[in-house]
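Below, each structure is written out as structure tokens.
The following pair of complexes shares a single chain, subunit A, combined with subunit B in the former and subunit C in the latter.
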Partner chain A sequence: MRKVTFPHMGHSYIAFKMLMEDMGNEVILPPRPSKKTLDLGVKYAPEFACLPYKILLGTYLQTAEMGMDTIVTSGGAGPCRAGHYAHLHKAILHDLGYNVDLVCFEAPKKHPIDFYRKVQKLNSAKLSVLSIIEAIKRGWHKLKALDHMEKLSHKIRPRELKRGTTSKVYKMTQLWLDEARTHKEIEEAEAEGIKAFNNIPQDPNREVLKVGLVGEIYVLLEPASNLEIEETLGHMGVEVERSMFLTGWTRDNLGKGTEELISVTDAAKPYLPELIGGHGRDTIGHTVLYAKRKFDGVIQLAPFTCIPEIVARTILPKVSIIHDIPVLTFFLDEQTGKAGMVTRLEAFVDLLRRKKQNTKLNQAAALS
Partner chain B sequence: MAAKVGIPRTLFYYVYFPMVETFLKELGAEPVVSSKTSRKILDDGVREALADACVPVKIFFGHVQDVKDKIDFLFVPRVVCLNGRTIYCPKFLGLPDMIKHTFDQLPEVIDTRIDVRDDRFAVWKAFYMLGKKFTNSTAKIFFSYNKAKRVLKLYHKLLKEGLSPEAAMNKLKSKDYNIKPNHQSLLKFAVLGYPYIVHDKYISVNLLDKLNKLGVETITLEQVPLNIIKNTKTDIPKDMFWTFSDMVLKAAYHFFNRGTVDGIIHLTAFGCGPDSMVDKYMELKSKNHPHIPFMSVTIDEHSGEAGMYTRLEAFVDMVKRKKEAVNNA
Partner chain C sequence: MKAYLGVDVGSVSTNVVIINDQLEVLANLYLRTNGRPIETIKKGLKEVVNKLDSDIEIAGAGTTGSGRYLAGVMIGADVIKNEITAHAVAASSMVPGVQTVLEIGGQDSKIIILRNGIVTDFAMNTVCAAGTGSFLDQQAARLNIPISDFGSLALKSKNKIRIAGRCTVFAESDMIHKQQMGHSIPDIINGLCEALVRNYLNNVGKSKEILPPVVFQGGVAANVGIKAAFERELGLPVIVPKYFNVMGALGAAQLAKEETVKTGRTKFKGFAITNLPYYTSSFECDGCSNACEIVEIFEEGKVIGRWGNRCPKWDLVES
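The block that comes next holds the complex of A and B.
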């Protein structure tokens, strides 16, 4: 039996695990990225590789120790480095004596046959094509439910009466969803989850700030890589809205369909008309949109040496001035410490609170 | 008075300047190139650009600072794709935006987008737009464009024969196209890296000259014929997306496979994203070719002459000894 692993990217592993198991593979669960993961990655990755690259390499090395023999991941045609990650990972692993196989998915629209072949490679249970499609649908369903839970945690955490309740409930809902195996079970688990979140005692009078999170996909989606910034902000009384979910949550659930994506590009146009790869243009576009939606601030998360985010960061100060929205950037690398991050976040949140109060005072003054 | 068009002496300068220069002069405009990279330019760049940017982008900012107050136009085209296959580093793609939103006082920036995948005549169109600023005559622009292309061809020929960009540009001016043959050296190294690093004497800490002084003949990317690069196969399933990176890596594979050089040096810049991959692939490749020593040199804002010289000397010595051992065996 194939022993597969895949990148650990937030809670998505729960859905991928089910999919891979349904297809008859043994899953070597990627551990939550830890100091050890990163240390391993840093040791064997090129110095200026971006943080996600190092974390993934560490993940593969850890799982290879546990007997993993197949990496399942996605490629992409760039124009950013992520499109080359997988093959360089494989080359480095081979060089270190781990003879792992790589199944790297490219966009199915562009390479349909290649996509089909790779799916078959992972089809250890010899499922029919229809059953595979069913399995993928189930996985997608689960992923959506997981994203929904996360979204709720963002909303409720800043309002919880007792600090930490939300995080606990969130973990629990993940466990429920992990166990759900059919569409029906997933639906039930999701419904239970919503209930559990709604039952969290909240403080209705708390002044909650709203901050948009933008930046590079991996450090946005994997809390271990961004030092749990969402949780930290939540505990500071800040509701975060993340610009990115694997299932395109925001896109589907704001009911505007793909228009949103178009408007992100449009919003970015005056500043960065070119698609520069990664998510650099989205970073600009979302910042503009958050400002228009009257958010209190925006935080950009980017891996150190991240090419598109560096371009975006160079332009952001101008966006911040023109749209009057404070922006804070974190370039994350193996040396970023949580304490330092918390200090900078506290100062930023302070600034946002003061700004909000001033605006209110000014408005009141204007009225009287 | 002739309109002055500013051109930063970095990035594409080393590859395409003679073409732009010819074109502008034909149309009666005056190209104004920023000064050679210096401590001051580097410091200006470090101050204006983002701390996390790579050194070449910082230098680019320094050059813009150097030239921006002396000109009527700043020519920074958005070059996306010129060969129909690979694109330029994302930082190149975002260059016009980065400077426009960083510098407050800029002359008009000419940032025509050039992507031959969208439009086969994209290069001509870019020059047409540029030319329109100085004349209304399409015929005149067309004539100048063709002349510029001829000059560029000649320039690339001179580069291929081993002249440095500076020497080649001088040669074009003197109209003396005879090249004196390269003196025979004991050792031959391929020095691979992006033109704007390898040929910028300041930022490369004069690496090429130093090697020559140590008795080493050097080959750079410009001397590897394009069709060789095109036809070189790597064992990597996907070509590098970025034009210069793709060329550097393939050139490295070519030299490793052919064994026509005694050593390979990869010259790379601190904070360069694409090079983190290129360099690793080269290093892995070099393990299969132990008889061709490989060294990677990273330059940064503080690269010191002395340290670099010691490292080069040690490397050259090692290669020499290795070669003698082989010859004696």
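The block that comes next holds the complex of A and C.
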């Protein structure tokens, strides 16, 4: 039996695990990225590679120790070096004596035959095409439910009465969804989850700020790589809305693009009319859209040395002035010390609160 | 008489300020942290209490700086604030109408943009220590010049020398190269000051609208060479406030005043804490793969603070 693993990217592993098992593979679950993951990744990766690259390499090395023999991951469209990463990972693993197989999915619309072949490669249970489609649908369903739970956690955490309750409930809902294997069970688990979130005691009078999170996909989706910024902001009384979820990204890359993607590209057009790779254009576009939706601020998360995000970063000050929205950027790398980030977040939240109060005062003055 | 205490525990210096109700400074102190924040905080409080009249009653205490949480639980702070907010508050009260604050400390440098007394934008250096006090310290030591003379030497420079300022490694090798070519020390130091300012404005100050009045504060503001270089580069007068090197602590004291006026009481434990034994210890939590490094601080053998945990497992129950 194939022993497969895949990148640890937020909670998505729960859905991938089911899909891979349904197709008859043994799953070596990628551990949550930790110091050990990073140590391994940093040791064997090229120095100039970015944080996501190093975390993934560390993950593969950890799972290879556990007997993993197949990596399932995605390539990339557009001129970002992450598109080559999977192949470089494989080469490094081979050099280190781990003879792992790589199944790297590219956009099925562009490479339909390649996609079909790779799916069959992972079809250890020899399922019929229909059954495979059914399994993918179930995985997709689960992924959507997981994203839904995460969105609820973003909404409720800044309003919770007792600090930490939301994070606990969120963890619980992930366990429930992990156990659900059929459409019906997933539906039930999702409904239970919604109920659990709604039962969290909340403070209705709290002044909650709204901040949009933009940036590179991996550091946005994996809390272990961004020093749990969403949780930290939630505890500061900030509701975050993340510009990217795996379900959204997959839709954008599978079909003709969602309406949302089209409006993001449009919004970015006056500043950045080209796709520059990675998520640089999305970063700009989402910032514009958040400003139009009257968010209090935007935070950009980027791996250190990530070119698309560096380009976006140099454009953002202009967007910030024109649309009157404060923007803060974090470049993330190996550092695990959270103090520097907390200092900047606190100051940013102070700034946003004062700005909001002032706007309110000015509006009141204009009315009277 | 009512007074307010502010403590700023930074990487290089620990500063203590006492202000009265009118925000006038009664006592201020600038100490080197020397990597021992606990001892330095105790020493600072001990020294500052000697400078005060006996009728003074501390009605509020605030802490800031990278050691603010440690200092906060030690002294019983009413407010624990990040250094950006603290610096902005102090600058606005010392220089009313200030629109730009340039702050260069030991390990960090920041720029704060204010409009109508409100912070509208800020930036801090992220991954680079070029253009901070530590590097100046290091170069002064290498040239065997007391850091206090560094700035005035720069003013004696007669010829312009260009030093690479993007990276401390480049800067140092460039300085050594210029020194071996036979350039004079004042010229080299002036070149370094200009390189630091260039790096600061291109890195931290990038795309910020720098409008007057411009205030320059933090330990490095003592360096007249850097101040002069800023004025040349910006084409604007740069104000160094009287208490430039303790502005963070000053801001913390002001914020403590605001807070205690609201709450009507202070959590300050009193100067007696300088006689209590404090120590810290750390361990690695084995609860999950995060392997958080937890640090605990003990007062008389009792845990009063814990840091480093990413989940609530090690949170102290708030009393």
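Rule of thumb we're sticking to: the second predicted complex is superposed on the first by the 357 of 368 C-alpha atoms of A that agree within 3 Å, B and C clash if a C-alpha of one lies under 4 Å from a C-alpha of the other, contacts with A are read in each partner's own complex, and residues count from 1 in each chain.
Keep in mind that, in the parts below, a residue touches a chain if its C-beta (ideal position, glycine included) is under 8 Å from a C-beta of that chain, and two chains touch if they have at least 3 such contacts.
Because the structure is predicted, anything quoted here is derived from the model rather than measured.
Novice: Looking at A:36, would you say it contacts subunit B, subunit C, both, or neither? Reply first, second, both or neither.
Specialist: Once the two structures are laid over each other on A, A:36 reaches subunit C alone.
Novice: With both structures superposed, pick whichever of subunit B and subunit C touches the larger number of subunit A residues.
Specialist: Partner touching more subunit A residues in the overlay: B.
Novice: In the overlay, answer first, second, both or neither for which of subunit B and subunit C A:228 touches.
Specialist: After superposing on A, A:228 lies in contact with subunit C but is clear of subunit B.
Novice: So, does A:46 touch the first partner subunit B, the second partner subunit C, both, or neither?
Specialist: After superposition on chain A, A:46 lies in contact with subunit B alone.
Novice: Check the residue A:75 against both partner chains and state whether it touches subunit B (first), subunit C (second), both, or neither.
Specialist: Only subunit B is touched by A:75; subunit C is not.
Novice: On the A-aligned overlay, A:346 touches which partner chain: subunit B = first, subunit C = second, or both, or neither?
Specialist: In the superposition, A:346 contacts subunit C only.
Novice: Taking the superposition as given, does A:277 touch the first partner, subunit B, the second, subunit C, both, or neither?
Specialist: A:277 contacts subunit B only, not subunit C.
Novice: Identify the partner contact of A:108: answer first if only subunit B is touched, second if only subunit C is, both if each is, neither if none is.
Specialist: So A:108 meets neither subunit B nor subunit C here.
Novice: Tell me the contact category for A:67 with respect to subunit B and subunit C: first, second, both or neither.
Specialist: neither
Novice: Using the superposition on chain A as set up above, list the residues of subunit A that contact both subunit B and subunit C.
Specialist: In subunit A, residues 304, 314, 317-318, 331 are touched by subunit B and also by subunit C.
Novice: Can you list the subunit B residues touching subunit A in their complex?
Specialist: Within the complex, subunit B contacts subunit A at residues 49-50, 52-54, 57, 78, 80, 87, 89-91, 93-94, 97-98, 101-102, 113, 236-238, 240-242, 270-277, 279-281, 284, 287.
Novice: Would you mind writing out the residues of subunit A in touch with subunit B in their complex?
Specialist: Against subunit B, subunit A makes touches at 45-50, 53, 75, 77-81, 83-84, 87-88, 91-92, 95, 271-278, 280, 304-308, 310-311, 313-315, 317-318, 331.
Novice: Name, in rising order, each residue of subunit C that touches subunit A in their complex.
Specialist: Subunit C reaches subunit A through residues 66, 81-85, 116, 118-122, 124, 126-127, 206-207, 288-291, 310-312, 315.
Novice: How about subunit A: which of its residues touch subunit C in the complex?
Specialist: These residues of subunit A touch subunit C: 31-32, 34-36, 163-164, 167, 224, 228, 304, 314, 317-318, 320, 326, 330-331, 333, 339-340, 342-344, 346-348, 350-351, 354-355, 358.
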